[in-house]
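Two complexes follow with subunit A in common, the first pairing it with subunit B and the second with subunit C.
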Partner chain A sequence: MVDKNKLFHVIKRYFQLLKIYAGMDLASLMRDGKFMAIVIIADIVSNISSISGIFLLAWKFGGIGGMDRFEVLFMLAYGNIVMGFLNMMGGCNALFPSRIIGRGQWEHMFIMPVPYAVQLTVGIFPFTGSSSFLSGIGMLWVAVCHMETVMPWWWPGMLIFQLMISMVIVVALSYLLSSLAFYAPVQCEEISGAVVYSMGRTMTFPLTGMPMYIRYPLLTIFPAGLMAWFPSMILLGKAATFEVIYSAIFALMISLSATYFFRKGFRYYVKKGINRYVSGGHRS
Partner chain B sequence: MFQAVTAPEDIAVKVESVSKVFTQWQRNKDNSGKKIAFGKKGIGNFFKQERETVSALDNVSFQIRHGEFVAYAGPNGAGKSTTMKLLSGILQPTEGAISVLGMSPEKDRIALMKKLGVLFGNRTELWWDHPVMQSFEWKKVVWDIPDTVYKRNLDMVTELLDIGEIRNTFARELSLGQRMRADLAMMLLHSPELILLDEPTLGLDVVAKRQMIDFLKKINQEEGVTILVTSHDMDDLEEMAQRILMISKGKLAFDGSFDGLRDITGNLTHFIVTTDGRELQLEGCRLLSGNRGVFEFEADLSCLPVKVLLERLSKADGVLDVEIRKAPIEKVIAQIYQAWAEPLE
Partner chain C sequence: MINKYIATARMAVQGKTGGGVFYMFPEIIMKAVYLVPVMFIWKTLVESGYEAEMSVSQLLSYTYVNVLLADMMVVYTFLSAWDYDTRSMEMFTRPLPVFGQVISRTIGEWIPMLLLFSVPMFMAAPMLKIRILPGTLWVIPSLMLSVSLGFAFEFLFYCVTVRLRNVSWLTYVIRSAVTSFFSGTVIPFKILPFGMDRWINYQPFGSLGGAFLSLYVGSARASEIIPVQIFWNIVIWIAAAAWFQKSRERMVSFGG
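What follows is the complex of A and B.
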């Protein structure tokens, strides 16, 4: 039976940790007014420009692959929210565990009296890392206001559910491939960054009308399609009933695989890992 | 296999038959370690490189009691940092058992880290882009330190380590000595019962080193904190610690006092003789230096008893003063390292 007091204490500590990281992020941002303005403006410009190509094409041709202009905007906004939220919550390398391994930062984590899972999830950047998330919400609002589809009452709940599934898939894939870094820390240091960023770049392409040999790999082997296009089709009511649960099942499977392989790699690391003797070594 | 051990209450650290083995890749070497010339065999070795097993620790056992201040020394690559990482749970042993403060570093990591302080001289726990005080506040939350304990310890380290002026400075702007003091202060905020220090005086100037040594001695004597420290500076270690563990090629080579360590090298003694300007030669003693009537000699008191030495000095002409010193520990250690480095017959 779970001790309620203990559970309450853990939750309380979790929020205390979030608070201190948020405070440190705000302090960094507020250190210099000009720096703060440059960071915010650069992030907003970067976010808008990263999706403007696809949106301008959709605008010019009245939509892409069976999706109208605002449905394309909805998809782009969805992807921005996914990436924006993950960057905000995990920008402090929690989203990129291979960097933590490759740079030998686990050694700092070992000596903290906090579970690893908590340490990996509290590196929040709510201020410096929120522009993508906020611009995504703004774009989503614009898209929803202009779409002709009537949303049922449960739609907001489904939106949150699908967003969570997409985020779980990105994080799980990042952890799954990062487990390789336990065996080859230097070579795989940036593997999670490469995966997450390339997923972020690929997710902006609408896959409707694409041939199967392009669409299926992007929904299975390299699931960039599950970060924006596929859930958008579900939320826009353009997916078959059985497809609605596909992304949830995929998220579950990949999470289990990531958990298994990451734990296995971690055990190898603490048994064998030391900077001088592991092939490829650690830089620290 | 790794197994948890229980330690009596007065034992802070118990290391029992611990071994740690690593493997490393060898290019252009055969199984015996000989270099292979470039040729057919060399090309084959390039594509299929050999792996060599390295025994960082080999069946090492020792115990440290609560309140002890123990030095852990050995030449480069002897296994000092590996031991520190094993004790702090960063690595797990290949074989043997470890108990730290009655807990297993592997299984009781969270509980143990609340009572353990770890400081690696070549890396910082401070937040680089924040003032030192911000790192202290962060530590308070992460270690869940009660307000009263935090305030008491903060006041203590601020005063004893003289960090009042650097508390609001960004960590990246601190000098090495300031950074080490700030790191040490942060490590002590949660009142650790045991402190593991890996090269804490690395790169420090004379003043910073003095502050560090005085502070460590003080918290050991007054607060009863158990300390295990590694350093390459043997004079520092001798000044701080009561006991020295020496490790060589992964094996524990010596466990005892610094005087005991001197004994195994033959009880070397240095003495300085001042004369009225006359030259001086002493049978059984080695002249190290001589200038304007001041001569420094070295003698092995296990071969030349002190009584005989004093007799010879009293018979020498023109002797005005004699000052006998222990051989510098650096020299003793250098002799030991040299002996260890020589290939075994």
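What follows is the complex of A and C.
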């Protein structure tokens, strides 16, 4: 009974904190009209620029490697939704745990009266950080409207499922590599950033038509292909039946590995700790 | 006088390698991972029978050299990073001009990656059948102008950060997205659709890495590239210096 009350309290607190963070984000956006206008215009320009290169190539050549123009746009939109959602929800470094660990800030979390998961996931930016996510949805809509294929009734469900799997893979990979920051906090502080940003850059390349020795590493060792290209192939009906479950199995395996190594690193960290702050208050 | 700048650059090298060279390998691997699919995009396009304004050899060299010299193609300094540890304030406590400090420190930070990644990859290029030598010696002044303009933009965007009350992240994201396309370093202007190459060369970001790379692979002439680069260097440096002087007293920094 006590546990049930505690769980209810945590869930209630979680939503309260989400609301507080969302409120702070809105306040930062609305602090003055000029600032808000700059942010909105800059966001639009930034989002168009980030996908325009590959899309313009696809437009010029009528597609890339067996994908037509709007299939390429679909893939880019899918990737934007994945990264946009993760950046919106994990902006307070929940997506980049090596920064928290490497900066010695995980210790700060020890004294907070809510679980780690709650602390990590409440730092959202729904107003200033949602542009990529929203533009991704817009582009996906445009791409789907221009496709000749008729989508079956279960397609929206499959889309959401694939999006969740792609997000799980990015988060799990980030946590898996961030485990190294428990052992080498200074050197590995930015390892999650390096991995996530590299995945974000590499995901925009359509892998159709590329040789196996390029495609397979990008679906296994460095799974940038699972962030946009591979799920797009599944959703566009261009993948074989057995391939449909590959990304789900991969997500499960990498999540289990991340859990194991992160816990192992954490046990090391609580024994050794780190001290990166100098007396002046700045990091060494 | 020059010794002060060399010492600053040396400190930057040590700062980059202080934790051990081994810890730079993830960054090197990420660069290689990015390079491979981009190069294969060109091969895929050409093998599909599409006709582009540049040959596959030029496209491969363009991408390859861009990755090798990535730090110089679009310059980022510590001014673009979060200003959490008062680095911008520290600049004013040292007996060196602010501009000189930023430039020497940034060049110092480039050196380890040039030695560990760019030089070996340069040597390996012939084995990968990449044409690595430039077609003209005009690439040297072009590279210098490109780097110089990169620093000017860096100061200009730093002023944006200061004026927007330290929204460093927002400025960084916007700038990265805009420069990745408008600098022409990822997709050469020459192969863009709708005749965009006719005007996009002349916007200021076009004189960054993309201009140098076009010259390097021989898809543009020095007479087209260098005058535009000189023009934008003059305009952007004047703007950056003037705005920096006006913005410096508004700087705010905080610990973290």
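Note that the second predicted complex is superposed on the first by the 267 of 284 C-alpha atoms of A that agree within 3 Å, B and C clash if a C-alpha of one lies under 4 Å from a C-alpha of the other, contacts with A are read in each partner's own complex, and residues count from 1 in each chain.
Just so it is clear, contacts are C-beta pairs under 8 Å (C-beta built on N, C-alpha and C of every residue); 3 or more make two chains touch, one makes a residue touch a chain.
Small disclaimer: the values here were computed from a predicted structure and weren't measured.
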**Asked** In the superposed model on subunit A, is it clash or fit for subunit B and subunit C?
**Response** fit
**Asked** Of the two partner chains, subunit B (first) and subunit C (second), which one does A:245 touch, if any: first, second, both, or neither?
**Response** neither
**Message:** Quick check for you: in the superposed arrangement, does A:37 touch first (subunit B), second (subunit C), both or neither?
**Reply:** neither
**Request:** Tell me which partner A:271 touches in the superposition: subunit B (first), subunit C (second), both or neither.
**Result:** first
**Request:** Would you sort A:20 into first (subunit B), second (subunit C), both or neither based on which partner it touches?
**Result:** first
**Item:** Residues of subunit A touched, compared between subunit B and subunit C (which is higher)
**Value:** C
**Message:** Can you report the vertex angle at subunit A, computed from the C-alpha centres of the three chains with subunit B and subunit C as the arms, to the nearest 10 degrees?
**Reply:** 90
**Message:** Between subunit B and subunit C, whom does A:253 touch in the aligned arrangement: first, second, both, or neither?
**Reply:** neither
**Fill in**
Distance floor for C-alpha atoms, subunit B against subunit C, superposed on A, in Å, equals 7
**Complete:** Given the complex, residues on subunit C that touch subunit A span 19-20, 23, 26-27, 30, 33-34, 36-38, 40-41, 44-45, 47-48, 50, 52, 85-86, 164-165, 170, 173-174, 177-178, 180-182, 186-187, 191-193, 196, 255-256
**Asked** Once bound in the complex, which stretches of subunit B touch subunit A?
**Response** 22-25, 54, 56, 82, 85, 88-92, 94, 106, 109-114, 116, 118, 120, 123, 125, 127, 129-130, 134, 137-138, 141-144
**Complete:** Counting only contacts in the complex, subunit A reaches subunit B at residues 13, 16-17, 19-20, 24, 27-28, 106-108, 110-115, 270-274, 276-279, 284
**Asked** What part of subunit A is in contact with subunit C in the complex they form?
**Response** 35, 38-39, 42-43, 45-47, 49-50, 52-54, 56-57, 59-62, 64-65, 103, 128, 184, 186-188, 191, 194-195, 198, 201-202, 205-211, 214, 218, 222, 224, 280-283
